[in-house]
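Which chain is which? They are A, B and C, in the order written, and residues in each are numbered from 1.
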Amino acid sequence: MRIISADSGAALLNERFEATSIVAAVAVLVEPPYRLAKTCISEPIFSTVANSHELIVHELELCQALLKETRADVVHLDMSFGGLLLEELSPIQLSNISSRARGYVLKILPKLRKIAADVKRVYGVEVLAIGKDSVPVRIAELTAAASAVLYAAEKAVDEKRMVRLGMPSKCYARKVENGVMVHSLTPAEHDIAGFAADREAVLEKITFSELLNPVARGFRALEFTPNSARLL
Amino acid sequence: MRIISADSGAALLNERFEATSIVAAVAVLVEPPYRLAKTCISEPIFSTVANSHELIVHELELCQALLKETRADVVHLDMSFGGLLLEELSPIQLSNISSRARGYVLKILPKLRKIAADVKRVYGVEVLAIGKDSVPVRIAELTAAASAVLYAAEKAVDEKRMVRLGMPSKCYARKVENGVMVHSLTPAEHDIAGFAADREAVLEKITFSELLNPVARGFRALEFTPNSARLL
Amino acid sequence: MRIISADSGAALLNERFEATSIVAAVAVLVEPPYRLAKTCISEPIFSTVANSHELIVHELELCQALLKETRADVVHLDMSFGGLLLEELSPIQLSNISSRARGYVLKILPKLRKIAADVKRVYGVEVLAIGKDSVPVRIAELTAAASAVLYAAEKAVDEKRMVRLGMPSKCYARKVENGVMVHSLTPAEHDIAGFAADREAVLEKITFSELLNPVARGFRALEFTPNSARLL
């Protein structure tokens, strides 16, 4: 199966290690053996955390954009409804989630269903609300985190100050020859990762160190310091 | 403690990575330090997934068969009721599980209690409904998966076609000199594994590759291709 | 942030691998990158498991004692109430925990709030009921386990008999040059550990072997045998 998926991820953290804005959104194409994205679209979003429940609409738009470029068999969306088809998702199926979450979902459901219907009509592909069960969704999350590393590094260089980035759950970033890899630390996911190419060599302009988020077990953070600032 | 346990495991997967039949059942004897089976009985079952809730009766029969061959202090069954004695398990204790699961358990409980009473009378050994808390149950699951690798390989050879096997949660298979090892990838279980001896050298007749189950995070799959088919 | 935290941990196990008494209590000071205690206070407690819910009061007293020696920004207590300030914790906030747990908490809450008020007044530091979300609480747990290894070894030497110690969830002990390290095996915590210095060289007087707790997946145990006993 060729699967397209999307996610938004990695967050700027304040001095109390609380997330303030979501840094990157990506759509990925994943093929067997389902370990790394084959192709991806990525963009910096720096979207306030308060609106993060609306990001899912943009994620589906990114999937649609990727479908323009490449063929796929199915789309996996980061909404955890047991793999239901998005077009079958109705208010009734939402009865067993919290009323707050239901409010969010109901607000965006019409937009999501409209895009899903377009995707079905134009490309003949179904959109599944599979979320946490999906390996491609996890690969999208790690790929978003890899892109976010570059965007956060760029921000540190541009603003000449330290930037702190909170990574997604159970993963870590590693600088590689031509970019950054974010590897999963979840059990049985040791060979799953996300990659972002550092075309502007922004990682040469900063130093980053890793630490644990002290108030969120399982989450690691990176602190980016521009090299120019270090010399001052 | 010498502990006897049993489990059924690994499943054939269709092209959508859904389980269609359970491949193997085993009973194991486990001793300190509780890392690998000391002895085991194993059999191919290829039982339809729809009936998988009835497999527990057969698992207890396999424990009984193993008790004929070797002494043990206790039997651990793969039913998660906090380590209750099977003979004390009554409909009242089932009040806090789902009505569907309760229906299944009530259907098989009389048979289970009868075998447990026999086991107690003949061997003086208690049967515990301990399930997910038990390390021997996990070792039985991994041992069943190791046997299933051989049975699935055999099936691929016999039927001259690719066979896809879904492994149990958080583990991976590795070919070793005289058989196959299935190692746990669960945290703090890095030294727990299951083994099956490849007496017929069936692994010489196939090639297998590992991939991730894209619709079930934490689950890995194996694809067996008969070597003869590859040459065609 | 400089964070002070405390925990009690590791338990003596009987022949059925059930915990009988909690061995050690510690308070730790943790600084970025939040991987190991910078300073700690540790004591053997050998407290019966039945009273373990009262240990939290003593843990907070240990934090207070550590604050006399060193400065910190905040105290993390091993009570899981989402990071609420202890002084804001009221019976109303306890409405969504089990009535048994609520009973325990209500019994100790007055003492906890009194100490927390003292800590605030004297050191200007808040006490958070953050529990399982806190990395410093985990480091305290691993540090308590490292101390418990030494106390249990001492007990085996003094009483000239085998002592079995149950370790906290998902960790393992390793003898190092001048003491013992307890490393986390939780995903994404591979670089978190606790340390205890073996000043009396008690580890030279015993042999210890590791095994899995067969009735509690994820928990490992150590068996300490005095070397003198082995020569007999």
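In this section, a residue touches a chain if its C-beta (ideal position, glycine included) is under 8 Å from a C-beta of that chain, and two chains touch if they have at least 3 such contacts.
Fair warning: this is a prediction, and the values are worked out from it, not measured in the lab.
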item	value
Copies subunit C and subunit B - interface residue numbers shared by over half, same or different	different
Rotational angle, Cα trace of subunit A fitted to subunit C, multiple of 5°	120
Approximate Å spacing (C-alpha centroids) for the pair subunit B, subunit C	36
Of all residues in subunit A, the ones touching two or more other chains	186-187
Complex interface listing, subunit B residues touching subunit C	1, 3, 30, 32-35, 76, 83, 130, 132-136, 138, 186-192
In the complex with subunit C, residue positions of subunit A that touch it	16, 169-172, 185-187, 209-220
